[in-house]
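Here come two complexes built around subunit A, the first alongside subunit B, the second alongside subunit C.
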Partner chain A sequence: MSPGTIASSIADGLLIGIVYGIAAMGLSLIWGVMSVINLTHGALISLGMFGVYLLFTTFGLNPYLALIVVAFFGLLLGVLIYLIAIARVIDAPHLSSLLATFSVNMIIIGLGTAIFTTTPRDTGFSLGSVQIGPVTLQGTRLVAMVVTLIVAGALYAFLYRTRTGKYIRAVANNRAAAELMGIPSTAILALSFGIGTMLAAIAGGLISTFFSFTILSGGIYELKSFIIVVLGGLGNPLGALVGGLILGVLEGVLPLTMPNTWVPVIEFLLFVFILLVRPSGLLGGK
Partner chain B sequence: MSILEIRDLAAGYGEVQILWGPSLSLEEKKLTCLVGGNGVGKTTLLRTVMGLVRPWKGSIRFDGKDISGTPAYTKADLGLVLVPEGRQLFTEMTVEENLEMGATNRRARPNIKKNLERVYTMFPRLKERRWQKAGTLSGGEQQMLAVGRGIMAEPIVLMIDELSLGLAPVLTLQLFQSLRQLRQEGLTILLVEQNVQMALAISDYGYVLAEGRVEMEGPARELAHNPHIRAAYLGL
Partner chain C sequence: MKQWLHPGFWITFVIVLALGLAPIVTQNASIREVMFTILLAISMAVSLNIILGYTGYVSFGHVVFFGLGGYLGMYLIDSWKASLPLAVLGGGAIAALLALALGASILRLRGAYFALATIGINEAARTFVANFEPFGGPTGIELHFSVYRDYGGPAQALWIAYYAVVGITLFAIVFSYLIKTSKFGLGLMSIREDEDAAEVMGIVTPRAKTLAFVFSAVLPGMLGVLFFFKNGNVEPGDAFRLHFSIETLVMIMLGGQGTLLGPVLGALGYQRLRGLLLTSDVKIGTLPLKDFQLVISGILLLIIVLFIPAGLVGWLRRRFAPLRRVLA
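Presenting the complex of A and B:
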């Protein structure tokens, strides 16, 4: 195993890991604001993939422009899902909202399978590659990283610098007090769910530019998101990005030393181990 | 003129009735206190007025309009503001962000700068700590912040649930002085307070709540001299 191979694996891992991170960020944000574990997450990642794929293959829209459209509809869809399926059970025990998101997930997966079948799709989009010493970097992955960093930065600026973003943090921190201040918490929760969904859709859209996928593929990334939020601390969006990088590097490096099929086993062993040793997450507080 | 008018209020949690028809009336620009033993329903009364607990019966009129059915988040727009029991700060946000959140309602938002100065003048300690997370403040500073956040909302009626609970005497005195100052500036205040003696000393009018009913009411000075109250609440 040459140092070049290892460097390539790490670089690939970092580039894909940060995209995992943005998906996990959506999951983490929703948990942090409203204590809902969003089992629709994977299906929404899949929809993001199909969104970019369909806009590109049928209308010839550049995938990164398509991504903007997908982000917008992701936001809208998330708001609708919240208002229709989750708002009613938001104060019920956690199991109710878990089942509500699970049901929406099944509806999307069912419709998606009926409409798109489960034949793998591929956008067939390429931006060439860049060679740095022994390391080859795919253009699409590099752009995905840049987009992810921009989105994450924008999210932070939004949450910490704008009034509405501060409302989200206030509602996350103390919903009853936020209501007393005059913050309409239902609208803010719907928006937060929309943003979480948007992040999932963006992650899916980015992944579709370099991997083939089916309507079920999102489920895999949902599982990765769970590992990542446990690594980064549930409810800590920035931790999700770091957790994503860690997972990405593991996925890049582990296959060099063992068969690919063992990688998820190691990942989930890590998941259980962290839950046992540091339930608040590797990077989480408390 | 009375600005907040509560009539025959009934409310509770689940099947358990806590309020059994108390009626209160707040005079404009006056400081009214509501005292009573533990668990008699003072907090429940304030929460019902705010719309956090749904009234079963009775009416709540604010500035002449019935508000018993309007949701909590619209109350601040009207000018009805609660500094809740246990402070309920946004502990993960900075002091200044907490104050900013206080000014969410439509009337207060344009005056955020002016009110920020007002709060910082009243509580200079908060200005020193304005970039600090609210959760890291001392108990006294947190209470100042809770009151400051209430002032940021430009209240017409400010209701405060337990101003002095758990605070050192010096701080308690300072907070009571701030209240008196706010009252002089023309604010209508409803104060729920454990420290009955001090509450009656600064109030214009007082209510005594017992088992969900108004047991006694009157000008604060008279209540302070009432033999029953002196025995039951002042330990004299």
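Presenting the complex of A and C:
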């Protein structure tokens, strides 16, 4: 195995891993703020994919401009889902919120399958590629990495440098105390869910620029997001980005040493193992 | 023994018995197919209810026991020429063993962490079996047609599998009720209400939880063998379908978690609704209604989760006090 193969596997892994990371960030944020495992996550990723795809193929809108539209509607949809489906069960046992988010998932997937069928779609968008030594990097993936870094940076600035961000962190830390301090917790929870949804939609939109997809594809990324949030620490959105990079590199490098089909086995065993020995995640909790 | 006089047990038992007997009395193969699916759903829901409803642990891994049991049973029948009863017992045993091993480890996790771990186990099992050559790898195991000859041909074999499922479902009802009314069951319910308090009261919670997990795993292991024996083949995707676990959760939620009758009614209602929607000829615009099966189920589930979280039986018991003496 030449160093060139290894280098390009790692590069591929990093580029895809960072996009996994942003999908997982949304899941992690929602978990961190309201202790809800969002089973709608995969469906929302799929919606992001379709959003960018439809805007690009029907209106000819540049995918990255389309991404802004998708992000905005993702935020709105997230707030709406929270207010309709989750607000009522936020204090109920876990089963209720799990099933509430799962029912929204069923509705979205059901509508999506009825409208779009499950024929694979492809945006057919290309930005060429860049050659660095033995490593070939696809343009769309490089841009996806840049967009991810911008979004992650913006999220960090929002959470740690704005008043609203501080509210979110306060609610995550102790909702009752935050309410006593006059923080409107319902609005903050809805906003957090909206941001989580927006991140899922952005991830989906970015993935759609380089992979083909169906309405069911989001499910795969949802499972990967679970692994990543556990790697990065449940409830730690920025840890999720690192978790995504770890998973991406694993997916890039493991196939060099074993048949491709064993990779998910390793991933899920690792996931269960980390949950058992360090439920707060490899990088520690919040 | 007093608990066996409770009408709640007999109502549930008679409902299941009536469902089970319907195809046998009419000797109608198409009713049998419908009832097979319904009884399978009922016994899956009743057994999941032991860990979910009584003990309060949300498991997405119920189908792992179904899939693993099914795989082992098919392997025994195909490669070792084992008889069906032996394969069914083997499926139950391997599921129990897995539950024992898992119980000792992942049941330490609480709440959502446990739920997440069970999702991971399901995916790990599915992807592992797809790579495991003795189980046929990604293509799975297909039974040779001649296997059914020992059971009087395929048509007769389907009836045998059906009788076995009726038997297992009736057993599931008795077993679940036995646990619910026992001291052990009381311990499980106290774990559900407050695990730390239960521990202080002297319940050895790790042992109780593991035992509950094992009890809930045995029946799916046996059912898996019957289901895939009847199907004639087993594949990783069918055997470890996460969606199947979730559907079972939904059934319990519809009927009422922690009750005896709830999972039965929930499974029956869910399967009937699904069947009706799938075979309906109504159209919405240009699209047939059956395309919206998932949407309608989703909306119904959401309404129930939001407004009647105790499920049908739980709600009836709460709303109408006299019913508490009749419904278990």
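Just so it is clear, the second predicted complex is superposed on the first by the 284 of 286 C-alpha atoms of A that agree within 3 Å, B and C clash if a C-alpha of one lies under 4 Å from a C-alpha of the other, contacts with A are read in each partner's own complex, and residues count from 1 in each chain.
Here is the rule we use: a residue touches a chain if its C-beta (ideal position, glycine included) is under 8 Å from a C-beta of that chain, and two chains touch if they have at least 3 such contacts.
Nothing here was measured: the structure is a model prediction, and the numbers come from that model.
By the touch criterion stated above, A:Met106 is placed in contact with subunit C alone, subunit B being left untouched. In the overlay built on the shared chain, the residue A:Phe193 is in contact with neither subunit B nor subunit C.
Comparing subunit C and subunit B on the residues of subunit A they touch gives the larger count to C.
Of the two partner chains placed by the overlay, only subunit B lies in contact with A:Asn174; subunit C stays clear of it. In the superposed pair of complexes, A:Ser185 makes contact with subunit B only, with no contact to subunit C.
Once the two complexes are overlaid on the shared chain, A:Lys166 sits against subunit B while remaining clear of subunit C. By the touch criterion defined above, A:Tyr53 reaches neither subunit B nor subunit C.
Looking at the complex, you find that subunit C touches subunit A at residues 52, 56, 58, 105-106, 108-109, 111-113, 115-117, 119-121, 123-124, 127-128, 130-131, 138, 246, 249-250, 253, 257, 287, 291-299, 301-302, 305-306, 309.
Residue ranges on subunit B touching subunit A, taken from their complex, read 50, 52, 71-77, 81-82, 84, 88-93, 97, 100-102, 104-106, 149, 153. Subunit A contributes residues 163, 166-167, 169-170, 172-174, 176-185 to its touches with subunit B in the complex. The touching residues of subunit A, counted against subunit C in their complex, run 31, 35, 37, 85, 88-89, 92-96, 98-100, 102-107, 109-111, 113-114, 223, 226-227, 230, 234, 259, 261-262, 264-265, 268-269, 271-272, 275-276, 279.
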